[in-house]
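Have a look at these structures, which come just after this line.
Next, two complexes with chain A in common: one pairs it with chain B, the other with chain C.
Moving on to the complex of A and B:
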């Protein structure tokens, strides 16, 4: 596998904001939930909507059962005079990918990326069955926890994990989230009963509503907008077959391939923000990415502490960038996933300029 | 909406999204699902020679078109499982069951389904299971009712050749989907609906451009900022533009032709839409002054009728077209 050619422009994450993830937000419409994070990233960069070269969002109408909700969400952007805009019916990490490509082409110097998900109006486990193959899977209504549990059992059968190891992932994530004011769960939870065995309540992400936004900028523009931009050194996404029965569920070759093409293995990273909604999936991803104990994995608490659908992957990129911005990381890996049992995976490598070096 | 909400409280209401998806089948899917109807399980051979069950139209690795069908056994081996203690509607069994991936004898991939077992202690990876067929079969994955434990040794003589041809093949199916939500419209629209319950129309003003939006959605789509200042508008307004509806909608009680119009309520900077009544359809015009007509149990105006005032001057509403 040949690593991809280096991007011909340097593009960075220069601002990130997220709502606190909450179980319910009945008092807010989607745009009312989203607007504060849009305003926050614009305020931090001093940009106005009219200054943004490209806007891209990720959301899914199925979550709240509201058709064309993303057009309503645009009300919060202020899309007049008309803006250059796009939307993906995926996690916002893929919207960020589209925006990154747009900036690499030189068509824009700045991009606003946002994502939101209100899971509270529906029965999320049932709603997510509707993303499955409509011929062989969806008619059986296999929910998201059931599919993750099938994957977890393959790890247990392979001797790669046991229930204690899964519980340790849950406890570590939620302990880390104590420092994250936006997380939904900020302390270890009781193991609880089996939701779908071998996964217990503690192995599953909390269901919540939330939104996140990121501003990307290219080259000198990024340096002017942010004291320490998180430069995107590489980013790639890869998908595997949809059917869980044709895959080795103990492994994530698509994650490994995306990481390779993003340049993640060229030099060690100090931080990894992994989008692993289920404890077992963190174990699969750690192995696929070859992460050892020297890497801080999910210092934010990860998706086990807050998993707003469609935003949780974008939040991984945002958390990694924020950590670089604070000087707590110099080289971070950010990962996002989509589909059942880690079907599709995106990996980005972010770097800060060396301390004391303006980056020229 | 909720019957008697507290004033100003966020509203919520049940919302059911239900749709029948009509799915057409490719030749491989058609053979597989028709086979299930006939209690025959088919797989497809990939370019690499492996047998996929359930079969797909295109090779997952090479994307090549796959057509080489084979028959596999109705029994197989569990490759992984997960115990579901609380089945929900639509799932294969109403009582607790194991989700399983099963590699049928003769297949190289595994099929997702349910295993009917007395409890998780009766399930393990590697156990032998066989198909329990549904009593009524139509050519769907649910023609397999579920799997059940069995003691059959793995069959040696699978897969077997199969033409994939059946009488009266299934070419499609309708997949119903029903999702239940509790819809909450949020702060701005809740306030609008509360006022409407009192037959008042309340919009919200943008703090930046000062426009009044009716109905309000909580944000100014031009400025991208939150609206909050509530402004009562109407009840009278001006027809800014209109159309004449000549085709009767299914189940609509209104006789055609009738007029559907954009109406700028006095004080609003966005026109809403409504039906115009109380005037022959061919006499409705831009600038016509109208007022709402409520029915006894109406939650919103049934229609708008002329007020008898002189028509509004074009310059007063040209920005609202």
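Moving on to the complex of A and C:
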């Protein structure tokens, strides 16, 4: 009876900016770290804060070490006169998702999305244990690298990878990052031995501080703001059971599910920006998404080159959009993850207009 | 392009109490969600997506709880989103969920907000000393008391108005089985004799610390048509934010609150809120915020809000019942408090509010605010589908 799924509104990423990811930024507050990227996306689009229809951000109080830490960032945005605004305590990729939905309702034509995280003040591996089941898992303090190592070992035991394959992922990512001025690691890391076997130093992401911002716009507005908008053809996110013990860690069914619903399998993509903080996770994701060697995976270097918590997922979307913007990709997949061992995953499919065709 | 109309087809709450030591955090949220599904006569498989909200993660010591709660909320294989906009979060969460239906991304969405305050001490969680930041001065009361004092000075309201609000809300709570505080022997004298906490706010004029959760099932037109009980229709919803503090900020009646309600009324086609709205669930954590918000929301002229309270207009049998559920003053699971306002507004127009039902309520406002009076989320629900 209800006409379901009428044609969706066209929404695109029209600007993206990110800080260089750094191991420490003691001299900067979160707001000071964020401000340059906010200014950069506004400058590129010629928009002012007051022109933005909806603002949404992603960050974590646990990283900032204080409750309501996002309010300070909002002060930096300049929410005066008052703005229509929301915040997710998740990676900025999910803030982008909320903003995209908002634009789909037709209530806004533009959105500012930002995310930031400073991992340097705390012991990140310990902090992330607080994400775990507080009754049965968190009291054991299994840290993020240990859980990823469990996943990597499962992959090796299943005959799907070996340490050499993991090392190859690390080498390719860091080599690609040499062309990325924002990356934290831009050369293959020396093997520093096991962090948690079978994961070696090179298999793990750098710990760093960073921020990113994106501007979304709908329809003709997007075409006016950007020479080649990265149209969001589909976006979806799915979660899995929390306990690593009840999941097949060699697979990522939620990624595949999200990709299906985002339309990723309708036509091949030429680029994939995967949020795979650990080398083993890139292998899991490549398989789940059916990506072959024709797809450029993580040309930015990915999370293995820069992994600012809460922003790294949003950066995947931004990197994919930027690649479309400069004509290096026509159809790209962007992925973000959250939680232990790829528990929750988001997939977006971005496309540029065919060259020489500014769209309808 | 047109928005899909959004209907509330299920509401579920826990019985809010000081400490739910009998359940885990997962058990607490599951209870509210199961009740909302039961109300909607739906099962977990009918739900397309889940949107949850709560105040700071420090309040339970659980970072990004959507990960751990995925199983308890039946979200495995589904999208789950977690919203955090300070005290307004319960309202914002419902609005984010409603947008998923309005944009036709999903047809049936479960939205839930919770707080298990007994896991920590929220007052001190809110009082972290931060270098170069204004200290919050011993909990939220320390922050809001000067603004209450400013309102009293500006409006010339008699000192007793705050006590009248508390006395009304605590009596309303006696009719609401979910309310945390059931003070059967409450009297106005007792409220006025209670200890002064943050002058001019007395102990009986403050919200309690509660464990609780609130859930709603939101659906599109087709879902509403199948609903076994009358749905509540969303006629308007909006969020507004402004900075914590700046020169010229009006803490008594923040611009963001005025803008937010104006946006909601515009969407709902409300020209005279005082006449056209039948009941309001307003976020009143300290008694004086009732008259303050009545003005901010356009129910009363500037400086006149206290007169509505004093003359009994906001009583359950008054002309504009405010917080018939007992409000935040009678139950405050912080992250859930905003959603409880939204859900109670929906219960009113569905005619499902039980003993605290406002007779003939057809349009009701749900309101939430948070941070330093800077985050606002509101919706207006009606017993009929929106005209446009």
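Quick note on the criterion: the second predicted complex is superposed on the first by the 353 of 360 C-alpha atoms of A that agree within 3 Å, B and C clash if a C-alpha of one lies under 4 Å from a C-alpha of the other, contacts with A are read in each partner's own complex, and residues count from 1 in each chain.
Simple rule for what comes next: a contact is a pair of C-beta atoms (placed from the backbone, for glycine too) under 8 Å apart; a residue touches a chain by one contact, two chains touch by 3 or more.
These figures come from a predicted structure and were not determined experimentally.
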- Task: Answer with first, second, both or neither: which of chain B and chain C does A:308 touch in the superposed model?
- Result: neither
- Scan A:53 for contacts with chain B and chain C and give back first, second, both or neither. neither
- Message: Quick one: is A:66 in contact with chain B, with chain C, with both, or with neither? Answer first, second, both or neither.
- Response: both
- Give one of first, second, both or neither to describe whether A:31 is in contact with chain B, with chain C, with both, or with none. first
- With the two complexes superposed on chain A, say which partner A:134 touches: chain B (first), chain C (second), both, or neither. both
- Task: Report for A:87: first if it touches chain B alone, second if chain C alone, otherwise both or neither.
- Result: second
- Could you say whether A:101 touches chain B, chain C, both of them, or neither, answering first, second, both or neither? second
- Now for A:197: first (chain B), second (chain C), both, or neither, which partner does it touch? first
- Message: Going by the contact rule set out at the top, does A:126 touch chain B (first), chain C (second), both, or neither?
- Response: first
- On chain A, the footprints of chain B and chain C overlap at residues 62, 66, 72, 74-75, 78-80, 127, 130, 134-135, 138, 241, 243
- Query: For the complex, which residues does chain A have touching chain B?
  - Reply: 25-32, 35, 38-39, 49, 62, 64-66, 72, 74-80, 120-123, 125-127, 130, 134-143, 146-147, 149-154, 157, 193-194, 196-199, 241, 243-246, 249
- Query: In the complex of these two chains, what residues of chain C are touching chain A?
  - Reply: 1-4, 24-25, 55-64, 66-71, 75-86, 92, 95-96, 99-100, 102-105, 107, 125-126, 128, 130, 133, 220-222, 225, 238-244, 246, 254-256, 259-260, 371-372, 374-375
- In their shared complex, at which residues does chain B touch chain A? 10, 12, 15, 17, 21, 23, 25, 29, 33, 52, 54, 56, 60, 79-85, 88-92, 99, 101, 103, 109-114, 120, 125, 140-142, 175, 177, 179-190, 217-226
- Item | Partner chain C, residues of chain A touching it in the complex | 1-2, 4-6, 8-9, 55, 60-62, 66-68, 70-72, 74-75, 78-90, 94, 97-98, 101-102, 104-107, 127-128, 130-135, 138, 236-243, 253-254, 257, 338-340, 343-344
